[in-house]
Amino acid sequence: MDFGTIGGFALALATLLFLVLYEGDPMGFLNKHAGITILGGVVAATMIRFPLKEIATGLKAGLVYAFAHHRMHARELVVALGEIAEVYRRQGPLGLEAMEVEDEFLAAALRMVADGYDAEFIRMTLERERDLEAHRLEIGVKVYKSIGDGAPAFGMVGTLIGMVQMFMNMSDPSKLGPFMAIALLATLYGAVLANFICLPIAEKLEYYLGHDELSETMIIDGILAIKEGKSPSLVREMLQTYVPKPARVEVLEAA
Amino acid sequence: MDFGTIGGFALALATLLFLVLYEGDPMGFLNKHAGITILGGVVAATMIRFPLKEIATGLKAGLVYAFAHHRMHARELVVALGEIAEVYRRQGPLGLEAMEVEDEFLAAALRMVADGYDAEFIRMTLERERDLEAHRLEIGVKVYKSIGDGAPAFGMVGTLIGMVQMFMNMSDPSKLGPFMAIALLATLYGAVLANFICLPIAEKLEYYLGHDELSETMIIDGILAIKEGKSPSLVREMLQTYVPKPARVEVLEAA
Amino acid sequence: MDFGTIGGFALALATLLFLVLYEGDPMGFLNKHAGITILGGVVAATMIRFPLKEIATGLKAGLVYAFAHHRMHARELVVALGEIAEVYRRQGPLGLEAMEVEDEFLAAALRMVADGYDAEFIRMTLERERDLEAHRLEIGVKVYKSIGDGAPAFGMVGTLIGMVQMFMNMSDPSKLGPFMAIALLATLYGAVLANFICLPIAEKLEYYLGHDELSETMIIDGILAIKEGKSPSLVREMLQTYVPKPARVEVLEAA
Amino acid sequence: MDFGTIGGFALALATLLFLVLYEGDPMGFLNKHAGITILGGVVAATMIRFPLKEIATGLKAGLVYAFAHHRMHARELVVALGEIAEVYRRQGPLGLEAMEVEDEFLAAALRMVADGYDAEFIRMTLERERDLEAHRLEIGVKVYKSIGDGAPAFGMVGTLIGMVQMFMNMSDPSKLGPFMAIALLATLYGAVLANFICLPIAEKLEYYLGHDELSETMIIDGILAIKEGKSPSLVREMLQTYVPKPARVEVLEAA
Amino acid sequence: MDFGTIGGFALALATLLFLVLYEGDPMGFLNKHAGITILGGVVAATMIRFPLKEIATGLKAGLVYAFAHHRMHARELVVALGEIAEVYRRQGPLGLEAMEVEDEFLAAALRMVADGYDAEFIRMTLERERDLEAHRLEIGVKVYKSIGDGAPAFGMVGTLIGMVQMFMNMSDPSKLGPFMAIALLATLYGAVLANFICLPIAEKLEYYLGHDELSETMIIDGILAIKEGKSPSLVREMLQTYVPKPARVEVLEAA
């Protein structure tokens, strides 16, 4: 579980509740018409913007990466690839077949080396796999961003509709309240949906896509160096640049 | 038919109707002057921005891709290219001439292989075809985006004109209503046209142009591998990376 | 003449006139102070932004391309280059000298082939010509865009000045009108100048610069294929990809 | 001197004076608090954004390029490089030593040829010189742009502070005036600083950096062609593409 | 210490204090609810946007680079690399082992030359080190920018909540004050946090990352030239282009 995401949402909820509960009726912040404006607008626009299948893929990717992403860290990858280099040196490609690794991409890379494909084919296939997978998940960034960018616009549509109704009923001042409520609450809902939920999830997904791309580049570099017969210590040193400096010494000691 | 697009527009309409019908006269939302401001402004600016022929091409491309795009999925392409590889292996280039494929780009690629052009010429011609076609249809993205970006600006022009007239007639308060209506309704019309219609269509067209470019890259890669005499199973495995992981196993079983 | 541009401006004018003439004094929309704010601001800022010579070049380029651009279409270029290929095949480089072509860039390319320069020099010179000419005219896009982006800002300056004066004269309500007029009209003038005139012209110029670049790339490709001695039919087929699909069949029939 | 910049600032001043002097007390537009908000905010933020040395370099570069840039035009460079080619052909590298050229970059290039460095080293050194110098002066674009983008934001900070004070003193209506004045004047000052001064200077500097880069590319191309022993007329013809078409014929006549 | 950053923050504080202390109760500018809106919103959104570890890394990087960055200047690097070249020429790779240099990156480069790695490996490793380190620190730019961009949005959320509460309590005018205060102060806090603190720090970090990248490129170029056996004076001359012109003569005299 990603405690940052969970804590972030908890804090967001606490902040909003605190503000809403302060002085006056919190129920006044719930408004059917404002909710329908934002929900209807966002769902409708998203359905037109992207194919339904991609919307599902994108929404799921955002949630999975925001709440439960657990890819190996660069430091762990240095350790893992160092071990693989040692197995490869002692037992050759056959030794790799028996190895079990958690990371799916690393496992695929191992299998290709064990199966004896040539280096150029391995690089090409793995790089294409890395790039196309990143490209496919990027739909999630686009979906969350388009909701985040669109929600305030639909808030404005709700605000305008509420204000027009208010001007049309100006003769009866007692009715101004509910119309003004739609007007302001639609904008508020849109701003909350965008700034507390969708734009942050889009950014976290984007962050992890970049992170995974780097990890996979590291795996490709490492696995090809191993296949070339580089010594485990050289592989470790070579991959060290991928590890942030403060974590680096530890790695070498651990190795 | 693209049910996402249709459902999206239906939901957008339902949302707007629900809001407009709520309390008060829905006819108050129809205003000739606000409509003329947006329509006149958008049409005039678009005519100046792009050549007339390109506007027609762009508007049509947006509608066709939003409502009726039905290009083969990557999964189907793997199957189709696998079959082509088998035919090519058994019957050589001549066997391809008899094949019938639905996809226009794939058909053109097949014809070039059947006609015996050399690999480099095929790659160059198909890549240019892919890039130039994408470039030509991108005018649709530009047209819809320019309308989507311009509509709120013309809404603001309408709003300003309405407000100036309101200030000029300030002595007669009973006239404030209609002027304020133009003011707000022009902005509302602009926001609806932009956020419910034009920007979503622009994004769907852009999405599919990217999707088609990828499919065509896949076809070029596959057809050249076939021409090189790669085995059907290798062609299938090579193209597998283009298929999203969840759909991938199925493909192999189907093959 | 470009009927799209002319029609667009006519429609823009009609729309504004219709709105302004509706109810009340259209003269109220003419305001010396608002006009001076926008005009003075835009002219001053543009003079600081770009050298005077470039402003003249840029403004002229925008008008020429918006109103009177008449470059050959891709389809016509295929026909023209096909004919050149036939002349070259029958009469060699000398035959080209006698040919007369309307397009300046194509004429320059022909002359270089006729003069017997080598292919690499021709490609380099023509590509540099193409790129530098596009670069030089891009100043027009920049000038119109900077006016289009700046005009609303100067409108806001006028609005702020008008509002400050209004607040300073608050004791005499009868004077509020004219100050508020400057305030709103300056913003209106800025929005009209930007959205009806400058931004659309900038986009049309940009569109045509991209279009010309493609045409010139096509001419370079075609002329070099001709110089290499490719057959007229192959030249035509090769250049076909530059022509939009619907127009393509026609071309082949014409040839 | 750059008459465009001077004329632009004069016109800006005249426009503002005209507006401010119209009806009412122009002194009302001078406000200590609004001035301090903008000045303090802009200076503080700029000091945090960039190192002090770079701020000085950047501000100076912007003023020098806006008011006193006088680099040779492409046309003059064709003439100058043509002459150098003639000297080189008659007297060899030694002849170049005696030549005096105004342009610093051209002088450096001449010296390197006279000193007999090889072509590859000359190209690499001059290109690095060109790129790094452009990179260093770009700090000016960044500084002016960051002031131009920040000024309206600090205007808004002033506006908000003024409005909060206004609401706190609501019981005494006679005090509303001065607070509202800070509110609006801070925004006005920010908009004027940004749109009349900083953003235009940033753009002129950026324009000239691009212009100088092109001139220096032209000098590198020309000087290397001369070193290769190309004839003066070929050098002139080759460099002609750098000259805008209308100015081109003149050049050839002059040559 | 970076006196620009410190002076900038001092000036920002002074400006705000001056404005707040002017006329009326400065305590009125402290508001618990506005503070909680901004703080809660910014912290929550940042926790969702980035992994906790990266937030810590990024915030620290921003502060370190804003307040205490002290990388060698290009001028000092020319001197240092000139000395290294002289040591290398007199004593060979062994002489470098005894050298002590302050800069970490330069020290790593020296060690690799002393250890006798080949030039291609040194270039590749150092370039990867440079690029990956820059990439890792860029998270700081992203974190500060996302706070700077988000703060005004959370200000708006606070403003909307305050205004809704105000409209709900409209019957009791004496309560309008505090609600309006949250409304305006939340926006003010957001604008101050963004424009005085986060966006400037983001820009300074970005500036120094670019600066360090250039210094490291210079070190790589210099160290490889030294390893190739270039003379100290040639190394100095070659690296001179990295030094701004005004500082350049001095360097040569110092050398």
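Going in written order, the chains are labelled A, B, C, D and E, and every chain counts its residues from 1.
As a convention for this text, a contact is a pair of C-beta atoms (placed from the backbone, for glycine too) under 8 Å apart; a residue touches a chain by one contact, two chains touch by 3 or more.
No experiment lies behind these values; they were computed from the predicted model shown.
Chemist: Expressed in ° and rounded to a multiple of 5, what is the rotation angle of the C-alpha superposition of chain A on chain E?
Modeler: That pair's rotation angle lands at 70 degrees.
Chemist: Return the distance between the CA-based centres of chain A and chain D, expressed in whole Å.
Modeler: 41
Chemist: Please compute the C-alpha centroid of chain C, do the same for chain D, then give the distance between them in whole Å.
Modeler: Computed value for the inter-centroid distance: 25 Å.
Chemist: Two-or-more-chain contact residues of chain E, please, as numbers and ranges.
Modeler: None at all.
Chemist: Pick one for the touching-chains graph, please: line, ring, star, complete, other.
Modeler: Drawn as a graph, the chains make one closed cycle, so a ring.
Chemist: A student should be able to answer this: under the defined touch rule, what is the ring order from chain B, with chain C coming next?
Modeler: B, C, D, E, A
Chemist: What does chain E use to touch chain D in their complex?
Modeler: Touch list, chain E to chain D: 2-5, 7-9, 11-12, 14-15, 18-20, 22-25, 28-29, 66, 177, 180-181, 184-185, 187-188, 191-192, 194-196, 199-201, 203-204, 207, 214, 238, 241-242, 244-245.
Chemist: Quick check: in the complex, which residue numbers of chain A touch chain B?
Modeler: 33, 36-37, 40-41, 43-52, 54-55, 57, 125, 128-129, 132-133, 135-136, 146, 150, 153-154, 156-158, 160-161, 163-165, 167-170, 175, 178-179
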